[in-house]
Amino acid sequence: MTGHNPPEDTQTTDTYTGFGNEWKPVKLSREDANLATAWVETRIDRREMLTNKDKVQDVRDIMWQLEKDGEIVVHRITEQHQPVTGKTLYGWNKRIPTNQLWHHKSCGQCGNIPGYPTSLLWLQNQLDIRYLDETDQTSCTAWNYHGSGVGNIVSLAAIFLRNFHQAYVSSVSQGLPPGYYFPLVHCGTSFGNYKEVRSYLLQSSRLREQVKQILGKLGRLVDGKLLIPEEIVHYSEWLHVMRERIAEKQVIDVSNIRATVHPACHVYKMVPEDVLYDDTVLGGNRVAVTTGLLQTLGVQVLDYSTWYDCCGFGFRHIIGEREFTRSFAIDRKIKVAVEEAHADVMVGHDTGCITTLDKSQWIGRAVGKVYELSVMADSQFAALACGAHPYKLAQLHWHASPFEGLLTKMGIDWEKAKAEFEAYLEDVKEGRIETLYDPKRAITSGPGYVKPQPALTEADQ
Amino acid sequence: MNIALRIGDPLSEAPAVNREKLEEIFEDIRNHQLFDHELHGCLNCGICTATCPSAHYYDYSPREIVQLLLTENLEGIYDAMQEKIWACAQCYTCAARCPFHNSPGGLIMILRETAIKHGMQSAKDVLKPYTRVLMKVISTGNQLAPNMITPDAFADWGPNIAKVKAPLKVLRKAIPMPTMHTMDTAWEINIKTSIELYTIWEATGVLGQLETIDPNLFDVVTDLMDEKRDEYEEWLEEQEG
Amino acid sequence: MNTPVLVVGGGPAGLSAAHSLASTGQKVLLVDKADRLGGAPILSGYAKLVPSGEWAKDAIGGMVQRIESNPLVEIQTRTTITEFSGAPGAFKYMLAGEEQTREAGATILCTGFSHFDPVNKPELGFGIFPDVVTTTQVEQMLSSGKGVKCLSDGRVPERVAILLCVGSRDRQIGREWCSKICCTVSANLAMEIREALPQCSVYIYYMDIRTFGLYEDAYYWESQEKYRVKYIKSRIAEVTSDGKRLIVKGEDTLVKRPITIPFDLVVQAIGMDPNVDNARIASIFGVELERHGFLQRGATYRAMGSTTRPGLLVAGAASGPETIDDSIAQGQAAAMAALTSLKAPATEAA
């Protein structure tokens, strides 16, 4: 090529790049070349045309090869998961499983915004989706890692493989075959982290060696090999491919609602080639998740000048340096959504973003920056549109941002709903608790595990 | 020859750091297994800093970090590790936009890990407000528990944690997902799961990092871990019996 | 012998090669897939060329007329080559839609480039906001006489930004090369805009300014001195809109501060991509592509214009980003090489 040889020290044995020098010429046969360019005369598919489709490595190619070489086992998405195929940034296919899902929960959602995951599970109940939500799951620990630097790629990788192995074998506790449930990641940070970590694992044999020892100690290998999921799937991608079916359950007309979407950094900026883009959503120019869902529900989704900006969460800053977080959130996102877009609600798809945008408004009064904007997750908004109870189900009472105006605009009598919830709390005190699924299923091993008698079949789900 | 270099402000009282130490720190950064993946070259285009939320509010620039590392500016790197690297908000917009496919955010993580490894006082200071979270995540495998979110700890989030007045325990039980009927973890974690996590922390050096940052916290956490392990052992024995 | 030389592509390089060949009495067949000759400067409506300042339709249009009135040149437009075979001195090929095989003594590929389509950089706003346009579109505004206007509401812009390196020097989209001409073209366009709209402020956002050789002062210096074009060393990361104006986001790397600036019109200096048909061209003509996707050149020092296949020559932007002037020069060089090979056919790639 250039006739140069790069100096020795850049040729480490463990570089995992996948572009530049590793580009290989196409060398198509005449027929294939014709096929490759025949469409130019007719239609230019811009998502695939002239972008570096051949120049950015698709790690899944490495993954399949590693499985062929006997190094790993892939947890496959199969017909039982009823996958729907979407397209990612460069037009590659991504199969999104829609049924038989293992919920990988989010620390911040479960701790701080409980309505976020409950809305998702409720929607899945409405659509008769089989899932498992259990206690044998650790945090992805990426929030901690990004915030404090305590942790490293090996710990992140080991935790990734541990959780995804549990997803794979969890069904065995119910008498079902392994791989029955496919993991669905709730948190945007987990999603980005797992995408990155999986990519490192596939490209670095050294890292695989390091974690294999640990996973072996934990008894978390499959046939003595690491288990890698075929795709890392974010719940917002599930909402996206299910949006039409969700809209069928819609009971509230939201066409008068003005919404701004806050796309999460870790969802679409970490491993950007692996997240859904859709030509029917904003022309494929911006990430499809959440926007597609809202538009399908009939919401007016509005653009604003800081669409691409982070929310200011800052992993560590939200805990110990919030003057940064709230300044950024108010100045760059909330104020803009209110003043430019005149939005009724800011809808997001990540834990940290919702937390930041929701909790950073009140303090603005101290400096005369009073902007009132309802903030919630796409799952919560969709659930509300489908008739979910705003307090009992969407758990809006945990939100600091004002949602009462939004509910009124949606035609929901929030005062009545609140009274109903307060009455329900009396039931709760007496131990009469309503749940989205049988609580016994939440424990699949260890203390508290009850083996289902007889073994669960499809009919029991 | 042992050359002592004064870092930063010549009138500062900060102790001088000798060149060998600076080189040792840089070697750790350079040899980190992700370094080559995160840093390739730099056009000085400024796109990373353009989109960086921290660059708006701090004296911080991802481009500067990249340049310091590429040019092997040992004193500049050491200086940056004192405060600057903690400004990064880990949004990875820089990585998503960089035309060279660098990840300044990823480089920041390498610098932070190295700062901790060397027990830098700046790392300990900046993580002081964070210790409760560290304890929670290492001992339970959950980042943020409901009972950590109090008006005292998060006064600027508003006067109410929930807009419905009821004890936290009741409100949590009113969440229709059974795994969330807890208060001291975000979701109920199987003890077996926590034990597995301890193995991971030990095997990957994370406990070592904790010991460097906060030896007292390290003692508390290891005690907790031992307790949990004993508890689990007892349960296992009961099962066999 | 007067077996025609086949020249594929009727842009500046092809026109130049055809003319040089015909000037020696050599018959030429000039083929182009478009409906007329002229290549990018004519088909894309370029305005004033660098460095002469002549209008493209005059300069290149003149080259076209010269060829069209030359009896030694047979012109076939709206067509492509579908089959190609043979050896130097005796190539055989077929045109689309024709039944018979034609013969060529030598072949020169002048198939040129494709403009980068900036829909592939959506964060820069092209295809989302109507007032984000390309340098090619501004050329067309100028050459058509319609004037530089905002596409959204037809108003005359007061503030124009030109973003350099859109589609070039960018690993995110697999285009790590420099497109060579955009710095000079942008400086040129900036001056043309300032001349047409004296009240308009023009900013150029750059990483480097590559107005090489004698272009340096004629374009980079003059645009500043005489036309007050402003240069900011910042590659633009994102273009959004507040509903009234476009917002451009960058870091002024010399002042070391993030910047967010409003504009009426944002012009993207789009790069030169390999011809979108290159995979097919390489396959049909049996030549190789180099690693960026352009046609691979053979040895440069001993045989200008060679490809990886003996007897097959290349000239102009087909082998990499190129200026119009140099494409014309390479066309002449390739013509020379073609004539030489006709006299003494080479049996190996030179």
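Note that the chains are named A, B and C in the order they appear, and that numbering of residues resets to 1 at the start of each chain.
Throughout what follows, a residue touches a chain if its C-beta (ideal position, glycine included) is under 8 Å from a C-beta of that chain, and two chains touch if they have at least 3 such contacts.
Keep in mind the model is a prediction, meaning the values are calculated, not measured.
Chain closest to the overall centre, judged by the mean of its C-alpha atoms against the mean of all protein C-alpha atoms: A. Note on interfaces A-B and B-C: more C-beta pairs are in contact across A-B. Per-chain Cα centroids separate chain A from chain C by 43 Å.
For this pair, chain A with chain B, the centres built from the Cα atoms lie 22 Å apart. The mean-CA centres of chain B and chain C are about 50 angstrom from one another, to the nearest whole unit.
Under the contact definition stated at the top, the residues of chain B that touch 2 or more other chains are 51, 56, 101. Looking at chain C, residues 123, 171-172, 238 sit in touch with two or more other chains. Each of the following residues of chain A touches two or more other chains: 19, 308. Here chain B touches chain C in the complex through residues 43-52, 55-56, 61, 63-64, 97-101, going by the rule given at the top. The touching residues of chain C, when paired with chain B in their complex, are 123, 165, 169-172, 207, 233-238, 249-253, 256, 258-259.
Those residues of chain A lying in contact with chain C across their complex are 1, 19-20, 23, 25-26, 28-30, 32-34, 36-37, 40, 44, 46, 49-56, 282-286, 303-308, 336, 340. Of all the residues in chain B, the ones that touch chain A in their complex are 33-34, 36-37, 40, 51, 53-54, 56-58, 86-87, 89-93, 95-96, 101, 109, 112-113, 115-116, 123, 126-130, 133-134, 137-138, 141-146, 148-149, 154, 156-158, 160-164, 166, 170-181, 185-194, 196-197, 199-201, 203-206, 209-210, 213, 232, 235. The residues of chain A lying in touch with chain B in their complex are 10, 12, 14-17, 19, 105-112, 114, 117-118, 121-122, 133-139, 141, 143-155, 158-159, 162, 192, 200, 203-204, 206-207, 213-214, 217-218, 220, 265-266, 268-270, 272, 308-310, 312-317, 319-322, 324, 326-328, 332, 359-360, 362-363, 391-393, 395-400, 418, 421-422, 424-425, 428-429, 433-437, 439, 442-443, 445-448.
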